[in-house]
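The same chain A turns up in both complexes below, where it pairs with chain B and then with chain C.
Here is the complex of A and B:
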């Protein structure tokens, strides 16, 4: 017995790098690798939940996907929504971070209040926005009309639904970008600023030639973090519009959810999910390359 | 002496549990004593009615019943996932028109005919013939009864009786009259509120269950006799167009996002002269705490279209899981039978749940308490003439409803309905699973 324990203890000593992370690796394998692998397998099958077992059909799902108009629509909506919301969040987040970076009286309190939307539960705030954006009984039209502007249909019209959803997303997530950028700003070295001021550079020049290049890796990192969620935005869109009116706000991610869980077609839904995964992956590989390049400067 | 003996004998038998202390007719309600059964329920007025009474059933039978209640969307997901995983569900609520084909093919529905015919399991007084034929047919498949109706639903045209009287407008009997009436009220300022003529569901797939009454009344149908999509027939297109025009021209703003909750709240706010939706929502309109129009509403059947008055009739039923164990299925049957007995169905009707039994509607108790005879008459008429097939006759109902909903949205937005319907028909033919 003693000998046995000794063997084990020697094994652990020699293989520490293997043994200690093992529980974490096994857990991660079970909750990350296995579901992704199963999803990948389902993508090559035809399976309606409840009706028999998944049947292997090769790449048929991916062929069907190319002829499916709602896939194209989903990609378009995704690009429109993410392009608009990410760029506004990045610019606004940066500007607000620059504003908070100057110390002023009560800045900590203002910052704390500013974080609220970011800290709130997405589904809860989306439910409130859904009521506020209602053209008949919502407060947004009441506010517009009280200052003499015409009301909008907001999420009830195919034309305005994406900008209205972007509004909610920007309100909710700009504080996150601000937080990251603010941390980046605080870590910048002081020397280049002093040198620039001695050389007579004005505020705009300092921002353009010093702050922006120095902060770029942080900006790209913030964009990467945000885009991971944004490209597969679900809570806000599902809660407010469920992809409507019609399919005007149905992103590819939402469509794959519908196919899987409303239409019960787990095979085709998984294939759509693989496409979403690839889009997010490619976007992030490109972003990561940009971040590394920015750091080399 | 003999009397004394009988008393003693009955007392002994009672102690042995051989005779049920509840006098409950001709079957042995205690035969599955000790069994535990589990039902998944939708959050629905019927569930609210029956839940507090379950303890009575447990006392009467010695069966332990667990009811798990979820809001509708979660309920449907939960039900499917549990049944697919082969869990311990013994019974559940179902809208047969929505899910029966899928569930039947998956083996999740237990045929109930043998239970109904078995005199040791079913009381003679339960009387299967008392249920309306239409809804009961809706709850059957391939000639087998797979659910017992707990609530029959049809859609009614509900209108502001006070305003129709005040402005001397005729209650619409035909689609033309409906259009004239909505036109009359649209934009009219009534007591400081700018009215719309009518409010309807417009939110894609969710609207199909109301639009279908227009589809049938205009002579359209889901599929042709050959089983192909019929969404692009001239009659079906006319129904899309009429419904879309009605909502766009005479309805509230943002019609394409109206589900029943939004639509009914606009009517209850007093902003619409009419609403076409399920009769079960009377309990909302007439609730003075929630509704500004309580006591001012009249009810009538759908106006007649070119093909006549053809509403749909749908229902919620209680079904028994095909994957449950045989003795538990029998215990579950006792529960279903009890929940749908004459007394409970009448009680539910008095609580506002449109009953699926003729005896409940014709009972003296209901008649004496009925405050809305036009609602009763409209509902009964609709059950009589209603079509039990209200969803596309396919396996993948949600997907085909979704495809159809896109045409409704296009019609409301005033797009080219012919083109949109043709496209939807092509997609439907490709995606339809029979």
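Here is the complex of A and C:
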């Protein structure tokens, strides 16, 4: 027995680089790669959940989505929501990171409070926002009116629903950008700053000519990481509007969910999910190229 | 000149503290509003103008536990998040150790794929597989899907902690007759215990917050808290007071946890992207 254990122990020691990561790799393969493969297969089939078996139909699903108005709407909503929220989060996140970078008395506490939304359960806080944004009884309109501004319909009108959802997304996720950029700022070299100060550059010049170029790769990395979740935003939109009013806030991602789990069209839904994946992939490949270029400068 | 400098300093510090208030206001306001909503009666919650001062009631908390059986859902979330975290550590610790030691960066690609894939596209396959295996509405099923999020997170967090362990320590252990496995378990793991605690907390938070997987794959027996609180709005009439109380119960524990790991939490999400 002892000899047997010794043999095993020696085997593990000799093959550490193989044995240690193996369980995690096998697990990730089973829980990630296998379902993705299955999803890819379903994208080429026609199948209503509960009715018969998947039937292979080639690329018909992908042809169908070109004529689907809700796909077009989904892409538009996605571009509007993600474009607006990502740009606001990036700019605000950078400014706030610059603010925290100059440490002051109590900045630790301010930072701890500021990042609260980031860890808070999305569904729970989104429901609270839903109450706050209610046009009739919500506290947001009360606050607006008490400082003399007209109330808004927020998520109840097709015209304002996206900006209102962007508000929630910005509230929840800007801290993530801030934390990433702050980590980047802390690792910047000191030399260029000293040289600039000796040359008499002012704060704005230093930011524009030194900090911004140096921090650009980190900014793009932050944008990439945020986009991974933002392009697939589900919890906030689903909880507050479920894509409404009508389909005014139905992103392509939400539509793919609805096709799969409200209409039970598994094949077509899977094809839409593949498209969402490709959009996220292409966006990140382009961004990554920009990041590498920014690093070379 | 001296007064001028003092004035600038005063101006600057005023600016800083104005900034501090401006940054704290939005999170604090939503947080306070959540707590207040849970302490108001149903009528107070739908009255306009909204009430800031009122006599608070704990009736909603009683209802949440007695009518909605919220304790059961809290336990479900605790079990699933605990299991997902435990399994992630069990599988992730040796993997991260090996990646750090042997520079196996390629494993990262698998993790990146996991992050890029829309979570919705895991749902159908998992639903079909779990139905086939009779695992719908079980802790096993939910734990497996939560691993998609927590396992990559634990691995990425732990890589940098393992990298900070000096190689000489292990060499010394080897000379003293430790096997590789012994030195990993007895020498290395205790050295990275802070990292383990941090990863465990972050993994727990993200599993606790997970909504989409539980929405489809849980059932009456395993419903987790995000799904339970969401269901408050599908009972026809929306119970705002109940939502306030339930949301407070859900958010409070993760907020406390997040406070302790706020410095590392970003690392778990950035997946080492800032390193190169």
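Everything that follows uses one rule, which is that the second predicted complex is superposed on the first by the 277 of 297 C-alpha atoms of A that agree within 3 Å, B and C clash if a C-alpha of one lies under 4 Å from a C-alpha of the other, contacts with A are read in each partner's own complex, and residues count from 1 in each chain.
In this text, contacts are C-beta pairs under 8 Å (C-beta built on N, C-alpha and C of every residue); 3 or more make two chains touch, one makes a residue touch a chain.
It should be emphasised that the depicted structure is a prediction, and the values quoted were computed from it without experimental measurement.
Peer 1: Is A:192 contacted by the first partner chain B, the second partner chain C, both or neither?
Peer 2: neither
Peer 1: Is A:135 contacted by the first partner chain B, the second partner chain C, both or neither?
Peer 2: first
Peer 1: In the superposed arrangement, does A:34 touch chain B (first), chain C (second), both or neither?
Peer 2: Second partner only, chain C.
Peer 1: Pick one for A:244: touches chain B only (first), chain C only (second), both, or neither.
Peer 2: first
Peer 1: Who does A:284 touch here: chain B (first), chain C (second), both, or neither?
Peer 2: A:284: touches chain C, not chain B.
Peer 1: Which of the two, chain B or chain C, is in touch with more residues of chain A?
Peer 2: Partner with more touched residues of chain A: C.
Peer 1: First (chain B), second (chain C), both or neither: which does A:156 touch?
Peer 2: In the superposition, A:156 contacts chain B only.
Peer 1: On the A-aligned overlay, A:48 touches which partner chain: chain B = first, chain C = second, or both, or neither?
Peer 2: The first partner, chain B, only.
Peer 1: One more residue to check, A:260. First (chain B), second (chain C), both or neither?
Peer 2: Touch partner of A:260: chain C, not chain B.
Peer 1: Report, in rising order, the residues of chain A that make contact with chain B in one complex and with chain C in the other.
Peer 2: Residues common to the chain A contacts of chain C and of chain B are 136-137, 261, listed in rising order.
Peer 1: Enumerate the contact residues on chain B facing chain A in the complex.
Peer 2: Per the stated touch rule, the residues are 77, 80, 83-84, 102-103, 105-106, 108, 203-204, 252-257, 262, 265-266, 269, 271, 395-396, 398-399, 402, 405-406, 409-410, 413, 433.
Peer 1: Can you list the residues on chain A that touch chain C in the complex?
Peer 2: It is residues 9-10, 12-13, 16-17, 19-21, 23-25, 27-29, 31-36, 38-39, 42, 96, 99, 102, 104, 106-107, 110-125, 127-132, 136-139, 142, 171, 176, 179-180, 183-184, 187, 218, 221, 224-225, 228, 232, 234-235, 239, 253, 256-257, 260-261, 266, 269-270, 273-274, 276-277, 280-281, 284 of chain A that touch chain C.
Peer 1: Enumerate the contact residues on chain C facing chain A in the complex.
Peer 2: Listed in rising order, the residues of chain C that touch chain A are 13, 16, 19-20, 23-24, 26-28, 30-31, 33-34, 37, 45-50, 90-92, 94-95, 97-99, 101-102, 104, 107, 110-111, 113-126, 128-129, 144-145, 147-148, 151-152, 155, 179-181, 205, 208-209, 211-212, 216, 225-227, 229-230, 232-233, 240, 243-244, 246-247, 250-251, 254-255, 257-259, 262, 265-266, 269-271, 273-274.
Peer 1: Residue numbers of chain A touching chain B in their complex, please.
Peer 2: 48-51, 134-137, 153-158, 241, 244-247, 258, 261-265
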